[in-house]
Amino acid sequence: MSRHQISVSIDRLRGKRADAGPTRRMPGDDRSCPKCESHFRADEMERNCYVCAVCGYHFPMTARQRLDHLSGGAGWEEIGGELRAADPLRFIDLQPYTERVQAAEAKGATEAIIAASLEIEGRPCVVAAMDFAFLGGSMGSVVGERFARAAEVAVAQNVPLISITSSGGARMQEGVLALMQMAKSIVALDELAQAGLPFLMVLAHPTTGGVWASFASLGDVTYAEPGALIAFSGPRVIEQTTREKLPADFGLAERQYDHGHVDAVVDRRDLPRRLAHLMMILEQPPRDEAQSLASQLAQNGTERAARMAQALPSLTRRFRGQSESSSAGEVSGS
Amino acid sequence: MSVSTHPSGRGGRFVRRIAGKIAGAEVVSGDIWDAIQLARHQDRPYPLDYIARLMPDFEEIHGDRAAGDDPAIVAGIGRYHGAPLAIIGQQKGRDAQDRAYRNFGMPSPEGYRKGMRLMELCDRLQIPLVTLIDTPGAFPGAQAEEHGQGGAIARSMMMMLRLSVPTVAVVIGEGSSGGALALGVADRVVMLENATYSVISPEGASAILWRDAAKAKLAAAAFKPIAANCYRWGIADAVVPEPEGGAHTSHDEAARFLDGYLLRTIRELQAIPRVDRNRQRHERFRRLGAQREA
Amino acid sequence: MSRHQISVSIDRLRGKRADAGPTRRMPGDDRSCPKCESHFRADEMERNCYVCAVCGYHFPMTARQRLDHLSGGAGWEEIGGELRAADPLRFIDLQPYTERVQAAEAKGATEAIIAASLEIEGRPCVVAAMDFAFLGGSMGSVVGERFARAAEVAVAQNVPLISITSSGGARMQEGVLALMQMAKSIVALDELAQAGLPFLMVLAHPTTGGVWASFASLGDVTYAEPGALIAFSGPRVIEQTTREKLPADFGLAERQYDHGHVDAVVDRRDLPRRLAHLMMILEQPPRDEAQSLASQLAQNGTERAARMAQALPSLTRRFRGQSESSSAGEVSGS
Amino acid sequence: MSVSTHPSGRGGRFVRRIAGKIAGAEVVSGDIWDAIQLARHQDRPYPLDYIARLMPDFEEIHGDRAAGDDPAIVAGIGRYHGAPLAIIGQQKGRDAQDRAYRNFGMPSPEGYRKGMRLMELCDRLQIPLVTLIDTPGAFPGAQAEEHGQGGAIARSMMMMLRLSVPTVAVVIGEGSSGGALALGVADRVVMLENATYSVISPEGASAILWRDAAKAKLAAAAFKPIAANCYRWGIADAVVPEPEGGAHTSHDEAARFLDGYLLRTIRELQAIPRVDRNRQRHERFRRLGAQREA
């Protein structure tokens, strides 16, 4: 009975070592495994979802790579892609914030999160994927706004919301406005919850600070990638503050599973299948819409039903079908 | 398949088959001890055995988001006849290693809190809940106490009572003490033919009431905790048949019987308006008991 | 900054030692303190609320003594007093259950709980007090039924419910029907909660097993008497099962406070004042009843409001006054 | 007394008194450092100081019913102008011993869970909630992490967002990081005149952004986390005046100013139908942020 549900590098177990390519270490090369020093060609990396084929180490991925991977290359429709970072505090530390943003944008990404509508193995959903390469995946106003819009599109399209996080926390250069994005993400998740739609989380390395202390820890089901650091305060801060000596695996996904904070540690190569499977399980069977609305009215009587009534004509209700079959008579009969 | 139901009295051949048992069980104490042995049979199906057969598409959740994950409780969501269904069950181990890992099916507060996490999800996503009860009791450990074993059981009952979705509790093995009832406050409470439901294990009662750990058989005869009696007392709404000889003789057949009962019952419950269903759930537990007036 | 909010034997601190009477130990005498061996006259005991005036030890109290104490001798109106134990299992262990009940009843109590309407320092409430002297304060059908009726009277009279527990757990001689009283008590508390009424708990020695695992651990505010054992499984069972060596204060009120399960350890002599104070704080100001009902309807729309509408004429609404001042227009406006 | 309010613009003499500050604060970095020192002044009133003055009849609750009681968070119910009011606050210590006991106002998950216990009570008994924010951040400790610091903060925010009663969050000292915001998702968020509200403490930012722990003043000037700025950014709905020289000069006067604001605001909020109030609360936090379109 295995305690950890980790699927590690089955390729290697099956003797596919040949697939792993030469094992020369090439320093500074982002295709060299920092764990076992194997080196891979770019096409090998992409084919293996940026997982080391030898030791299972999970390399960082950009948000675009995430969306390409989950959609199986079938494309995705971006949400809030026009949003860009502002500089509300005219913030300067060792470098002006605007310059940091320009430098990050120059590398091709538009922000530390990309949200998109897409299908994972044929199941429609909205995905908000973070990108550690963009200013440490920090959550500023654009991250909060894109996340909120992602949730709103999920409600409008009546599909689950999935998020993959990789973030050092709040974006300090936007000051307290960055902090407020935590609350904004909570508001968005409450709208999703009121619509009865699932929120599935994937915690990638690292998920820390304000991201972990807001939407990332509120998944209905929460997966983590192997070896991902998951923490509110990082190990270094804790050691400096409390002078505690922490174990080597402190805050890592496998240990967070032991402490009850993660439902499963899932190999990245299994993510599309696992997420599609979860969505399949959670999908409500189709129901008669009027009956469903009557049931909703009877249950809550207030804002939720009113919002539903407005939104009704445009929705497919795939996920909002009630498992109830109560009649309209319930409204007056109670 | 068919089951005996209470109080509507529906059911088919099984009602006839166990009718004699229901009428006469109280006097045959040997039968009671036999049932207790069957309820604890080491090859008896456990929640994961039923889940594998009822819901091949199943996703287990782990952890209470506060202190840990309790392997004595399994919880998750699966695809059941074309719709989502949530299950929380007490899981014993089959071999020595697994038994220790599962803590002999004795849950800690972390386990009940994992269950409550799933209940909250059921409420929000409108997913019916089935609980599978099989425990000698909640774990009597120092850390379990300090993490609030009593409060976890009480809150689990309260959350089940308040759930807005249909709920079915099935005693599949031994249901002992508050550790069992924590998962038992459902719209329908049903027992497998050889399951038991009791305020305490016979061994526990023996040590306390007879001051002699060896009087478990006497205690069992006094408690009479078998399904037929619980059905008569109104504790169980139905008795689900097991394969001849007991559920351990065929996990497949045991699962088929349970499947038939669950499918029909969940649909029945879904047809009841939520407000009525919750009122009936309240009334069901409000009226249980036996007292006289001076 | 004291960690424990215990008021211990202030009489003694004030030098009232003379009040303590002779300190000869009289074995087997329930007026001899098992902790410090002081002995008291019956009138001293009653005057000091059955607390040792020397060391603060809390002697057991019967349910009637509890009600007399809380009501300040002003009397109380019993609820469900006509209920008596039945013997649904025709249960026999070393002695028939009926004989045990008769022996317990012969000592003057009618069951292990007494529920009553009364006033504590002028504040009306319903109190359900347990009595360890009656079959170990065990919870059988009568305890469950009286507790449920107490909650229902509290709802009907629109006053808080208070319970003082002292129990070894479920009454085994009533088998699984005793177990079900745990669920029944939860149902009763949910009715109370739906009516928006407070539930205040006082944990007296001992509060264990099924009582601790049901209503006793669901107080809105929870006091414990000093030295009370509070546990689901008692220390002996734990030591036998796990072979752990437990600390001497395991499960005691002061330690349960440290572990977050108790709001305050309160000297029994302070209980009337503390409970009345809590009720004073929690009391809602009077509101216009129709307006309150409109607000309720707008909020829930369903059973709670319907029940309120039925019950409305007979209630004083002391505790149900809404802190809202929304208008009837809310009903249709939502 | 009067306060400056946002966005309705009501308020009396105080708006005039701090009007200059609100307009000019951004450029005067020395003022910012002064405000930070005032926000952290060791004689500044803490939650229990306000509670003693606003609600002589107050009952503190303790414990999260799972793991312990966190002295860095005080929570309880009191009698406020003839009605019940609940308060959750972050409590620093004044002397060395008390500071250690209160863990310097840095809450653990147990503290946030104690707060959530009180929120649940507020919801059920229809009691308005006021939070008093004053923390350098949530405690960065190994056990706090393992007990779910991140999730506790997130759930505290969610529960506040969903509360059916009026809620007011008051930053009374330093409000730093998610540890502060955990208690900040309220109908009205207000700051005392010399309070600060920031994504991180100046010292923390200094170490991370300037890679030099001694650049806290620079960091403070960059963050500009003072009340006047937060008001202009829409983070704070109002600024409550302090006694001349700072709240530490007169706890009584500071409490009187706060009293005036709270009493009026809670009554205002109670006049709003619940559904509207909750929608406004959603919208308030939904719109915060600053971004441009490409």
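First chain written, first letter: the chains are A, B, C and D, and each begins at residue 1.
One rule holds for everything that comes next: a contact is a pair of C-beta atoms (placed from the backbone, for glycine too) under 8 Å apart; a residue touches a chain by one contact, two chains touch by 3 or more.
This structure is a prediction, so every number in the text was calculated from the model and none was measured.
Q: When C-D is set beside B-C, which has more C-beta pairs in contact?
A: Higher contact count goes to B-C.
Q: Name the chain whose C-alpha centroid is farthest from the C-alpha centroid of chain A.
A: C
Q: Taking the mean of the CA coordinates per chain, how far is chain C from chain D in Å?
A: The separation of the two C-alpha centroids amounts to 36 Å.
Q: Centre to centre, by mean C-alpha position, how many angstrom separate chain A and chain D?
A: Going by mean C-alpha positions, chain A sits 30 Å from chain D.
Q: Go ahead and note the Å separation of the Cα centroids belonging to chain B and chain D.
A: 46
Q: Among the residues of chain D, which ones contact at least 2 other chains?
A: As it turns out, chain D has residues touching two or more other chains at 65-67, 146, 148, 151, 275.
Q: Would you mind listing the residues of chain A that make contact with two or more other chains?
A: 217, 259-261, 298-299, 302-303, 334
Q: Please give the residue numbers of chain C that touch chain D in the complex, ascending.
A: 1, 3, 5, 193, 196-198, 217, 220-221, 257-264, 277-278, 280-285, 295, 298-299, 322-327, 329-330, 333-334
Q: Quick check on the complex: what are the chain B residues that touch chain D?
A: Residues 65-67, 109, 113, 146-148, 151-152.
Q: Chain C touches which residues of chain B in the complex?
A: Contact set of chain B toward chain C: 138, 140-142, 144-146, 148-151, 153-155, 157-158, 161-162, 177-178, 180-182, 184-185, 197-200, 205, 208-211, 218-219, 222-225, 230, 233, 235, 275, 278-279, 282, 285-286, 288-294.
Q: Can you tell me which positions in chain A touch chain D when the two form their complex?
A: Going through chain A, the ones touching chain D are 81-86, 88-89, 91-94, 110, 141-142, 144-145, 148, 170-184, 186-191, 209-210, 212-218, 230-233, 237-238, 241-242, 244, 246, 250-251, 259-261, 302-303.
Q: Of all residues in chain B, which touch chain A in the complex?
A: 57-69, 77-79, 82-84, 93, 97-98, 101, 110, 114, 121, 124-128, 164-166, 270-276
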